[in-house]
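Heads up, the thing below is written out as structure tokens.
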Amino acid sequence: MAELWRFGVSLEKDLLDKFDSLSRKRSYNNRSKAIADLIRKDLIKEEWQSGKEIAGAITFIYDHHKRELMNKIVDIQHNYGDVILSTQHIHLDHDNCLEIVAVKGSSKKIQDLANKIGAIKGVKHATLGMSSTGKRIG
Amino acid sequence: MAELWRFGVSLEKDLLDKFDSLSRKRSYNNRSKAIADLIRKDLIKEEWQSGKEIAGAITFIYDHHKRELMNKIVDIQHNYGDVILSTQHIHLDHDNCLEIVAVKGSSKKIQDLANKIGAIKGVKHATLGMSSTGKRIG
Amino acid sequence: MAELWRFGVSLEKDLLDKFDSLSRKRSYNNRSKAIADLIRKDLIKEEWQSGKEIAGAITFIYDHHKRELMNKIVDIQHNYGDVILSTQHIHLDHDNCLEIVAVKGSSKKIQDLANKIGAIKGVKHATLGMSSTGKRIG
Amino acid sequence: MAELWRFGVSLEKDLLDKFDSLSRKRSYNNRSKAIADLIRKDLIKEEWQSGKEIAGAITFIYDHHKRELMNKIVDIQHNYGDVILSTQHIHLDHDNCLEIVAVKGSSKKIQDLANKIGAIKGVKHATLGMSSTGKRIG
């Protein structure tokens, strides 16, 4: 269990009111948690830019009718087996599939994998949700 | 199967060379596909901003030792059952779990869900990977 | 002068250390200021999305050799006179000009203006730096 | 004058219709220009990430009543004289000033400068509008 640290912060009253109001809108009921989350989001951006070990999700959609597409997707995923944790697959409609690949590893390698998937013919869109292994963010 | 349309584009030679080179770096071997993907990325941003029906993934990490946390996560997910498609869960290490929720529905409702999950005590980071249902992007 | 408010925040020690270290890297020597700035950045994003009155800068580059280009840029700027505060113009090299337009007004109107400038033939890139009028952020 | 190159692109008709419609909304009347601009935006993102020489604008707001603030801003700008091209200054209201600094140089150094300005006490927000020298984007 992580050790908690308590310290004082000075803010303009007006700024604090605005922040509290936005935090309530986002369902926070604890100001320290709202501040901690802003800080973590900032640290995670830094983790990704500096090439540290990160975790996240590659989400992509494709038309499963395209020939050879499924094979290519599987082939690429096998080449990146060391960063892929698991995969979930959803049938969006008659044509479109949504596939979400949970990943952990170097941000560079994971970016490469997302690029390679996005470049496959028949894949309409690939995006990378950047999160963290949780180790360096408290 | 979608109908293909062929048309001419005029670009400065230098710009085209730069684009081809960046596309190769990203593993594209087809210029039309690289251009189509830029266009789709742009359309998907618009889908999200205009509140249309979208699909995507909410990725979050949490410390499963925190009391009551798992119950809260499940409670919230039940309240948003109509936009949640499926969930995958990964044990990152002794403390940290990564959970990825596949979602489809209005971008506003999905943003709300991501906010609510992020605000739970013990959730360290929640992020929303924005993709598409694939219907309005060719 | 804005009234200062002092309150306590509880963070995991590890998270606080990471944040202090990143803040030092960014030249902060005051933790309250670093936290206030994260909060302001967050509020400003919200101001822009909700269409409030904002301030910022439209930056664009163009090749001044293109015929009619300068006239079109001036024409458009005159149509948006109520949101344009001032303009600075820089000769980057023999071909390229950089122009920066300071703007204040509704985020929608300013986005429209940036789009219109970007769409002019000869303008290579237009981007919108989103800041604030300073009124709602403490 | 840059040499123009004409080539064919194949897109699904539906995708092309959507793109044409979005482009019209953004005031484009030329499809090649709309595609060229997407490509340039993409190349510029790459320029910034890879540390090349770039151009842009640092926009910041501050309360000019804060003591010593103006001196600090000028001091820092003098230390970065080799990347600063010019500055415009706007009085937003009784308290708030908007200052926009046109910059050209390495993306790392310019990011440092933006950080240093943002960290000054009394500066409420600093943001970096990333554009290009125009040299590597056609």
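Some notes on this structure:
Labels A, B, C and D are assigned to the chains in the order they are written; within every chain, residues are numbered from 1.
To be clear about the criterion, contacts are C-beta pairs under 8 Å (C-beta built on N, C-alpha and C of every residue); 3 or more make two chains touch, one makes a residue touch a chain.
These numbers were taken from a predicted model, which means no experiment stands behind them.
Centroids built from CA atoms put chain D at 26 Å from chain B.
Work out the mean CA point of chain C and of chain D, and you get 9 Å between them. Each chain gets a centre from the mean of its Cα atoms; for chain A and chain C, those two points are 26 Å apart. For chain C, the set of residues that touch two or more other chains comprises 40, 137-138. The touch graph of the protein chains shown is a ring with every node of degree two.
Pairwise chain contacts in this structure: A-B, A-C, B-D, C-D.
Every residue of chain C that touches chain D in the complex is listed here, in rising order: 1, 26-30, 33-34, 37, 40-41, 44, 55-57, 59-61, 63, 65, 85-88, 90, 92-93, 95-96, 98, 100, 102, 104, 115-116, 118-119, 121, 124-125, 127-135, 137-138.
Interface residues of chain C facing chain A in the complex, by the touch rule stated above, are 2-16, 18-19, 22, 31-32, 35-36, 38-40, 42-43, 46, 136-138.
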